[in-house]
Amino acid sequence: MLDGQMYPFLADGDFEWNADRTEITFKIKSAAKWNDGTPVTAEDVAYTWATHVKYNTPTGSANTPYIENIEAVDAQTVVIKAKLGEDGKAVNPLLVEAYLSTNYVIQKAWTEVLEERVAGDPTALLADPAEDVAYSGAYGKYFADDTKVVYIRNEEYWGQDASMWGKLPAPKYLAHVIFKDNAAGTTALQAGEVDVSQQFNSNVQDFWLEQGLPISTYLPEAPYGIGASLPTAFFNLNSPGLDQAAVRKAIAIAVDYPTIIANAMTNQSATFDQVPRSLMNPTDGEQALYDHDAVADLQWAGNDIEGAKALLDEAGVVDSDGDGWREYNGEKLSYVATCPNGWSDWQAAIEVVAAAGKEIGIEITTNYPEWSVYQTVVTKSDAPLPEEGYDIFMMWSDGAGPTQPWGRIRKLLSSEFIGMPSNWNGNWGQYSNPDADALINAIPAETDEAKLKEMYTELVNIYLTEVPSFTLMYRPQSFHTVNESVWTNFPHADDGTNPPVPPLDLTDGWSIAGLYNLTLVNP
Amino acid sequence: MKHTIQQVFRSGKFVLGFSIFSAILLIVIFYPMFVKDSPLAILGQGTFFPPGIYVNVYDSMSSTAYTLNLPDAAAKRVANKLSEEDRLSIKEWLVAAGIPESEIDTTDTAKLLGQWSANFDPKKSIPGMTNARRNYFIRLNTSLKGLLSTEGATISQTNPETNELEQVDTVNQKDYVNVGEVANTRILLLGTDNFGRDILTELVAATRVSLQIGFVAGLIATLIGLTLGLLAGYIGGLIDDIIMFVTNLFTVIPTFVLLILISFSIGQEQRGAFTIAVVIGLTSWVWTARAVRSQVISLRNRDHVNLSKLSGHSIVHIILNDILPYIASYVIMALILQISSGILAEAGLSILGLGPRTTEVPTLGLMMNWAMIYQAHILGNWWAYLPVLVTIALITFSMNLMNTGLDQVFNPALRD
Amino acid sequence: MAHTMLEVRELSTKYVTRFREDVYAVDRVSLKVEEGRSLGIAGESGCGKSTLALSLMGYYFPPLHYMNGEIVINGKNISGMKPDDVRKSILGKEIAYIPQAAMNALNPTRKIINFIEDVILEHEMYVTKKDIYDRAKKLFETLGLPAEVLQKYPVELSGGMKQRTVIAVSVLLLPKVLIADEPSSALDVTSQKMVIKMLKQLMEAGFISSMIFITHELPLLYNVVDDIMVMYAGQIVEKAPSHSAVFDPLHPYSKGLMGSIIVPEKGLRDVKLTAIPGVPPNLKNPPMGCRFAERCKFVRPECRVSSVSLREASDGRVYRCIIPEAELREAYAREEHKNDK
Amino acid sequence: MTSEKKIYLSAKGITKTFGFGRQKTVAVDNVDLDLYEGEVVSIVGESGSGKTTLSKVLLGLINQTSGDVYFQGVKRDISTQAKKQEYWKNIQAIFQDPFSSYNIFNKIDSVLLDCINMRGGRYLPREKKIEMMTEACSFVNLKFEELTNKYPFELSGGQMQRLMIARIFLLKPKILLADEPTSMIDACSRATILDELMHLRKETGMTVIFITHDIGLAYYVSDSVYIMEKGRFVESGSADGVILTPHHPYTRRLINDVPKIYEEWDLSTV
């Protein structure tokens, strides 16, 4: 969940590593049932993995380097065997752990039906709409078309078991409405047609302050939600001048982050004064993972025009022809900052980045290609980014999860993603640093807290010194704004739940707990 | 000529349109001389500051305080913080907390606040109360602190040496500052936009750019339309067939769709205001060409053209002297229409996100686009889009007025 | 004595240009048309013929303005009536008007019979469409128009046929007086002849009691009307029976006008056409004295001093000139003599 | 040879069609015409008879579809602008509508100056030009001093048309094509214009083609008359012969339908 911890749901209690950290053992809850009434078994877990491997699904190919096999010891007990390196240790224990929380268990019986239906064709298997799939969750499909998807509560849901909640979640139907654009979604939220809005609503506080609507967010005050991702501006390290750390850092420290947060995010982000920049989420768990004092001198809160100018002057990047713009190797520094068209908060942030360039003598113009064009260019990591048009560009970084912050750092800094024809992981600026790579490789196997902190601090140090990319804001994993015209008691800060149910989508895994407390406003 | 101009200015419609347009033009020309800020400078941290006069709080604290004994000051202060609605809400809470309704008097502020501070508990959850309501009570509680105090507020500063707070000054409740004496005040007549830019300054600059786009687009469209129309109409024959074929092609394809396609395909890197103007101009000449052609065809058979031919004049001379002056008034009207439709086309394109790139210049369409993206229309931040809409409307309205005014003068069928 | 169908006394009207200038187009015109008679009005363009035609109907709307004078149609004085009442109770019933471009007034999307229905239903409430059709058919047949025309659209008819149709429709309500303002001038000669024939038929068959016919084509006028009134600069300059007006004009202007007649008849080639130099005066500020003085061969100093009133000649006609009848005739004889030489 | 009248302009088999396919209309259909030096010829026809089209072909303003025009016995060649200008020194026109014959944006002087230029007087001294213009104006009883620096719309229709005659006076072409020069003019001014036109003809001995729909007018002015119907000449001959003893039914009808004053106008024949 957003605190970086893993909470058992289908599993009965926490998983356990063996002493060598080569095997994970956990049990499936005996109460857990599929919607057809049969129990969820260890065999289902094992067969799910076997199917991924057999049909080489994306999940299968992504995890086979780390997972040797998944076996069912008995009806309840599952053992995951990690793939071992030459040194006899697990290649990456963190990613083995991550498998637990990031993949669905699929019923074996249904999988066999499916295999028969597609006659072993992997493409058909992946393309199957799975209308008849067995599920273990509280809600099943009721209706779906282009504008909405409706789920209906499974009245036999095993969450009623005494070991769980002893009752069913409150709403009988859940409707997921698909809106044309953000404005339509906002209008629907205002009108009370939507109970939970997970999109970015600018100036969310106006709903209750100005308009007096019964709308609230997880936190009552700014930033209104829990930041769990770091929207990041990447530098194209092949662009002339941007191969210089000084130029990169100068741009990064000149940017007016308070304005980005106030204007682009309408304050729905913690500021860099509140949470100094690092590679970490603004959550307590991640923030504790690095030594704040050790990198305090490297951190910046933005708007440091003089500092940026000094940095550039020092690096010899000066305006030699008097046109107001600095040159590097005789070439005027002129960049294009981009993000996908229509992604309004990113666009507004990019505008502020561009404004910063002007202050320090670097010409930055903005450009918003369509997403289809943008993603093709950015994710093609086996070729350099175009020097024209993609000098500074925005992408996301990993949110919260059990492998974090390691996974995020890997995706921001690791050179392993260079050369992929389709790179949806990260490091789109194609940064390469052997020191960083070594640290990233070492962390998964490390268990010593102090050692880990040291290593993370070193990575933050590299990140803040080299500036291959820079975070522009903190952003929630998903926004969580509720209209309480009908239901109330949505999850909110200090609502007394344990574990605190964070504002995810209220249906996935533990988040379902958020639906149990709902009560009607006027019962 | 002079006579024609006099006639034009006798048309009420033209004069009204001309006045509006001149006023806009004068503002566009003179406003930047007085307000020298860059129109794209981000002034505000935060989005959509409402219109008004902004007085620097820090400077007001250190400005000379004047004591004004205004009798209703306290009442206004209370009314500002504690509305009638708030009082009823307090009552609602108190009733839920078990106070008998008969003991609550919402008109007695002191008593009400006393009961409130004695009974309010932010932790307490009332069944059926929404989280939004709970948050409201917490905010209300905070805002009510010190409401009935008769004391002033103390201003303290950190002493850099001792790192301790030292009292510097006291602000009394009857202290007033003269806004004229405050070092920093800023009038934001139209507030700020989603970037924190001064909308008025931006609007003026945007109007100028949009007018420029309109003029360039209109001139290009009119020039192309005029040239093709003259050639097709006067020379006729195969040239006419070819030109009309192309023109008909353009007529069949909806201009705006064509505009969107071209605008999309040139990519945003190349999309400056001037490029957009050229693109608009290149796609909107069709009707001018058709209209000029038909006018020329009817003129071509007029006897004065025949007479000019018989007098041995060349084609160029005939077109310039015997055709052009006759359609000049029409062409001027077409130009005016083209300018105003150019401005609208830019706005339309920009609202779709296909306008000029943003960091360089503001345009009316881009302002609309950003206001829409940031949901100003949903959140009721009228100052972000209404003035833009009004400006667009005024420009096109004034141009259309001038046009109908001219039409009345030039078109004998419409004379009264 | 015959019944007077239309009597106009001292009628003056003006129209206002869009520059707010008054043009005094009809100046103290008096005329009388008796039952069974037709009156022709001749004159150059701009002399006030058409304005007079419009003024005679008593139906004034901008830019035309009534100034003073009286119009009595069939005993009814309509000069003080409101335009709306005139339209409802006078137009079509008492007096009908056919302008030059009447044929273009037909709505191209409606059949002729629909147009006729509209006209009748406007004035009569309890008629069936069948009745209307029968009535229209009878009228058309009487006037020599094919009844099929009723079921046609205006575009299916030739210009001459359209004009004749409009004329037929205009007499549907049997008006007493018909005012025809250049009804045939936009037509070819054959159609023109048919229109003229029809107008004569209307009189003969009693659809109308009297007619005022306006044209600048004198041979036509001569063939249609009983009396000719020559207008110049908003005033009547001479009124006489057709034959004497054409062959023996008295007023110098009439003399000039009649001298310019061209017809393809033997002897024409020997005639010396007379020409009147100059242009008519601007009616925004009509001249003080005789309005024709500027162009008159026989002008005398006193002509320019005071306005000239109509006077009666020995044969009963009226003319507007200070020169006595005898002197004028003498002068004309001298002119002729000179030409012969 | 010398006693015979010289053929000045002749047309052989002139055909002019407009449009093609179903919309094809034949405006002038295989017309022959011989024009002798110094005579006045009228082409009479109702509107739509093709007389104006024929006149434009003769003028060289539009090209005939087939057939040839011979000028002074030689086949006319007006393929270039220069050749056209040369041709137009010999043949000139007066058009029907004086109001549309002038470029309203040019002062009246320019019309006359154009003529002087065309006759090679471009570099004459200003005084000489004014003298020429004054002479031309006085020929048509207009005062140049009153007209100079005026715009056409300040003139009456009659004055405009007289100025057109003044223009011809300056140009002194061999042939004048007068296309309904009086049909838009009031009857009294019409006499003046005809007078002046005939006067000019007498002075210069030029050949005149009169295009008109008014058979009376044609009879009054011309030596010979061509009657045109639907693009063809149906009857031609001396004015007296054609008008007083018409043979072709169309001619007869035309004459019959025009109102008469000396004889009875027979209304029964329609």
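Letters A, B, C and D mark the chains as written, and numbering starts fresh at 1 in each.
We adopt the following convention: contacts are C-beta pairs under 8 Å (C-beta built on N, C-alpha and C of every residue); 3 or more make two chains touch, one makes a residue touch a chain.
These figures come from a predicted structure and were not determined experimentally.
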| item | value |
| --- | --- |
| Nearest-to-centre chain - CA centroid comparison | B |
| Comparison of C-D and B-D (more C-beta pairs in contact) | C-D |
| Inter-centroid spacing, chain C versus chain B (mean Cα positions, whole Å) | 62 |
| Chain centre separation (chain C, chain D; CA means) in Å | 33 |
| Computed distance of Cα centres, chain B from chain A, in Å | 38 |
| Where chain C touches two or more other chains, by residue | none |
| Per-residue multi-chain contacts in chain B, two or more chains | none |
| Where chain D touches two or more other chains at once, by residue number | none |
| Sites on chain C touched by chain D in the complex | 44-45, 188-190, 192-194, 196-197, 200, 216-220, 222-223, 246-247, 256-257, 259-269, 273-277, 279 |
| Chain B to chain A touching residues, read off their complex | 40, 42, 44-48, 127-133, 135-136, 138-139, 194-196, 267-269, 353, 357-360, 372-375, 377-380 |
| Touching residues (chain side chain B, partner chain D) in the complex | 302-304, 306-314, 321-322, 325-326 |
| Of all residues in chain A, those that touch chain B in their complex | 182-183, 186-187, 190, 201-203, 206, 208, 210-211, 213-216, 220, 256, 258-259, 262-263, 266-267, 336, 341-342, 344, 347-348, 351-352, 354-355, 364-369, 388-389, 482, 484, 488-490, 492, 519, 521-523 |
| Residues of chain D touching chain C in the complex | 46-47, 141, 156, 158-159, 186-192, 194-195, 213-220, 239-240, 243-244, 253-255, 257-263, 265, 267, 270 |
